[in-house]
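The chains carry the letters A, B, C and D, assigned in the order they are written, with residues numbered from 1 in each.
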């Protein structure tokens, strides 16, 4: 196996693609709408054999939607597909597979209690001589070959649930590679990988390139973009902003294309000059979820950012402060008092969490807007513990008005609202609870532009009224626009703090990205 | 009859057992469930007999009431332990035949009590005649009603041996009284609550009910509660002669109950088993004569079970229908 | 840090043994010391024979639970199949026709269960609670509440016969255990069952149509109820309308005892075998020790809670 | 069928919450059932029979109402039937021993409640799936009850106490008042208290509920305790009604109680359902039974009919919700 690796390392990168040839796969004018969000807006895009096509864009720019359209998980509302110049239809994952498209998702498509080999070949099991029986020997042999190829040193008989995130990511990659894909789509495959695993992955990619495989590669890491990319395309707000060859552009220009977003900041953010009392004081906290030695402070009237790459431990910090994950060392002080306990105790102390995945963690989707708005504030709204539908409704109507939630009625099912309005409901439930410290985890994920600025206006209003805000965001532009100061995380630790004066996207990127 | 042969087959074993380990004769007693008070009377009777004769009793009861597979398993388990003899109430008189045959194969002497098994070989059968019990109890009610009026029947579990015979007895008695009208005959599965609810529903469609024939006491008592609840009166009879029924007779709520006498059945069955082990003479069939317990003769039944004593063997021989 | 991340993370080899294994070994030791005769060949064979019928429905129940499903109708379907089998044998004297009838009943109910769950999307608990009622009602109706007797004696061989000195039910049990083991670990079907519970999207993305598979799982359950009906009928030499009512709960308890989780397709078919045996050993041992029936009942409940508690502790740690 | 088509047509303008719609459909179904029964038999539409149906439904309702809250949180309590058995037996013992119905009632309620708390602790703290935890509990309770009762029944309670089960006030049975009382109390608790709202929130999305600061463990324990306490209430009414305690008193009621909750529109996934819906569910089940009794339909059909109704009701719900 070693021998194979050595020879592959010598293979030259594929020659640059010849754009005059027909692309292996081409999308023309693809659009995809979700209620309230235009996920993809007239995107055209092509990949040529042997090419690594870098796809850049901030979160919510439409990269994931594009991938899902590519692999048949979503069906585009408009647009055409061409394979080697011929018009084709992709209506299901099976269709996509037929045309040699394989996708490595960020959310894993692995089955936890199947082993590595079974996961890699799920749906493509080998038949043996005995009818109905799988050829297990071949399964594990081929799986071992795939694992060798990607350099993952685990037993193919290991159940996937017992693997770490990085290893699961590698299995996911192996699964896609094993499909003899002609077109391989990868969504930030290195986000959870160590440097050595990353190296190994790049080697594999170069081998595939040499065989003429087309690779679509989504990344946030500038170094990767220039090291691997043969062509770069930037998406923003569901639209294609531009394409370039690596030689013709610079990181700065790409960043400008990515972040030059239409973030409507029409309100003046009143940056605090004299922050108020200390609201949150986290001292050397380690938690069961992996974060280490976290120290940070938030004062009233202040918006403090928490940034870093996906997987750097930001959400874990939020959960530890909130009491959702166990703190194993260090202290958390809230409003000047030492605090411990679960979410119930933290909530009572005046802290609210607006989680990243609002549908699974923030809302009860089968309940109404009114119900969801009342749920956190129940003890406060109804101190005698008797619930009144009328009062809850009035409180909900007030919040709907104040937050400008677009809903036909407080009795509307919250699942039917758009992403932005759902997010406002999550914020609203904490307003009803009288929360004084808000922890926002990706407050604008999956929300359209108009709603974003409304949400920022709201956050500004909160701090103006004396609340404190800790805000996690992957979008540096937001942090820079909104925050009074920010902490940057990497590898489950805080690696630096940026004052208002130091806050710039470049500084965040420099601190938070890998030293590559 | 082949009774003699059965006994002869069992005797060599019995001799051996008495000879070798007279000190610890263990009788395994199988009953249907832990919930029906009737089987408790059988168990107490067996305990009393064993105690007076110096033997040991172990009870085997399915953890799920009346479970056929469980009683079959218990038989298999008990055969491993090789008890000296078995006193056996089958949970189902047909479906337990393979179990009885296993006992026979293991050459453990076995006495059949209460429900007459449809197959297998037994030292003896001890039971009551459900048919004549039903007949006599129903006759008593119908006479008390003056031979006219409307009655309903509350049936037990469909397909169970006791129920088939008791209800047949009821119906035959009804044929003797031409002026009595049978309004309905509905199953309440020997259960109190169902007896109560079925009765409540029947009262809705039948404004005049004068008599109720219940195939056991629990349903009879349930029916009485239903009558009380509706402020209606009717004469009620049940079958089994349980403590509760006797109390109800005392309180003038229940007209009568046919005495099934589980205590006596348990006594006699166990005595027969032990006597066979000791190579003493036994009777091969005891069918208790029907006794209708009513306000005039309930006193002997109004005593706690534990204070009752088993009859002497000569008394048993006197009431037995067949001896060897 | 990077080196650490790359090193092969051995699946946490649990220092603790599954709760069911602890329970089984503990009980066997307890009974071996306290009850002479427990370890005799006759008695051990006894336990195995008694466990077979429960095993036959616990095996498919394991697969059904692995799909995050449940089949409450199994005991009632077994009962109905047993009655149909008895009725057919009594009228035709043909074991084959009877068995076909029983299998047909099982497959039909399995198909209905599977369709209600996979096509109409009714929660398995509700769907099979409904078919439980239907099967129980039909059992009462076809038998009119009576035992069905008059089955020729050769049918009993299915339960009480021996082959090469080994009781037939044990061979049947071993055969079906092997079949299910192979099915789960060596066939596509088994792989997809775990994917059904673990990550249905992964199946869709892999281009596998999962609905027919889910229906097939329930049909497998039904057909096993048909097979178990043969043994049940042979054991009683009769059909009885309440013979196996409630047995599905015993099967579910055995499966849960065996460490199969109700979530994520985490199942262990060997654990189910251990679970069934644990219940069998417990009942047998308590009978041999002449423990009162009421105490036996409480012991069974305590065992179920204990084993699940142990497994819960273990999964919390890892 | 007409119900389903109404669902699609009547949805748009007048905004009725989905829960409200589901309840209206159920009321319609119950109404149609009543109409059909009153056309089929004269005995149905009498004030006596209506009260009779309500009283029979009350027993099921007590059990099902507590269960509703458990199911609202996405759990299940299989031990309620066994809980009734033990609670009733202990309450009966205390009444017999002290002669005080009040002490007895308190004993029954406390027993039920303690059992419920044990279930809650197993589910919330030990994280044992509720299905298995309460199934294990069922066996444990049966064991204790059987051991304690040793096959006996306890019967004969003071008339004052029995009024709870069989008495009338202004011509209406006391259990019906109790049912209305608990219906109102349960509805107020679920719909009009903070805890009730939190219970809905837990069932709708436990993760979100936890991250919203709802003390999940405590609410779960509360809910199981409530379910246990309602089993205690049911046991007291049973006791008073049957005038007798026996070990398997509530056994046959567990699955019908679950069925009543499901017919009442609750979802086993949690977060959907109402105590009032369960009341209608219990009513529909009782009506079917009552109708079958009045029409003298063979009782063998009963499980089949119940099963079909459960599937149909749930399917209708899902169909309605999917459309919306």
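By our rule, a contact is a pair of C-beta atoms (placed from the backbone, for glycine too) under 8 Å apart; a residue touches a chain by one contact, two chains touch by 3 or more.
Heads up on the chains, UniProt names are A = Sugar ABC transporter ATP-binding protein; B = Sugar ABC transporter substrate-binding protein; C, D = Sugar ABC transporter permease.
Because the structure is predicted, anything quoted here is derived from the model rather than measured.
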item: Where chain A and chain C overlap in contact partners, by chain label; value: D
item: Top chain pair, ranked by number of contacting C-beta pairs; value: C-D
item: Maximum centroid distance from chain C, chain identifier (CA atoms); value: A
item: Where chain C and chain D are represented by their mean Cα positions, the distance between them in whole Å; value: 30
item: Whole-Å separation of chain centres (CA-atom averages), chain A against chain B; value: 74
item: Distance from the mean Cα position of chain D to that of chain A, given in whole angstrom; value: 45
item: Euclidean distance of C-alpha centroids - chain B vs chain C, Å; value: 36
item: Shared interface positions of chain A, touching two or more other chains; value: none
item: Set of chain C residues in contact with two or more other chains; value: 140, 144-145, 292-294, 296-297, 300
item: Chain B, residues touching no fewer than two other chains; value: 34, 63, 158, 187
item: All chain pairs that touch each other; value: A-C, A-D, B-C, B-D, C-D
item: Chain C partner contacts - residues on chain B that touch it in the complex; value: 34, 58-64, 66, 68-70, 72-74, 76-78, 80-81, 92, 94-98, 118, 157-159, 187
item: Interface residues, chain D side, partner chain B - complex; value: 41, 43-44, 46, 48-49, 52, 55-56, 142, 146, 149-153, 155-156, 165-166, 168, 173, 238, 241-244, 246-249, 252, 289-290, 293-294, 296, 299-300
item: Of chain A, residues touching chain D in the complex; value: 322, 324, 342-344, 346-348, 353, 355, 360-368, 371, 374-376, 378-379, 382, 385-389, 409, 411, 413, 429, 433
item: In the complex, chain D residues that touch chain A; value: 15, 17-18, 191-198, 200-201, 204-205, 207-216, 271-272, 324
item: List of chain D residues in touch with chain C within their complex; value: 76, 122, 126-129, 131-133, 135-148, 150, 255, 258-259, 262, 267-269, 298, 300-308, 310-311, 314-315, 318
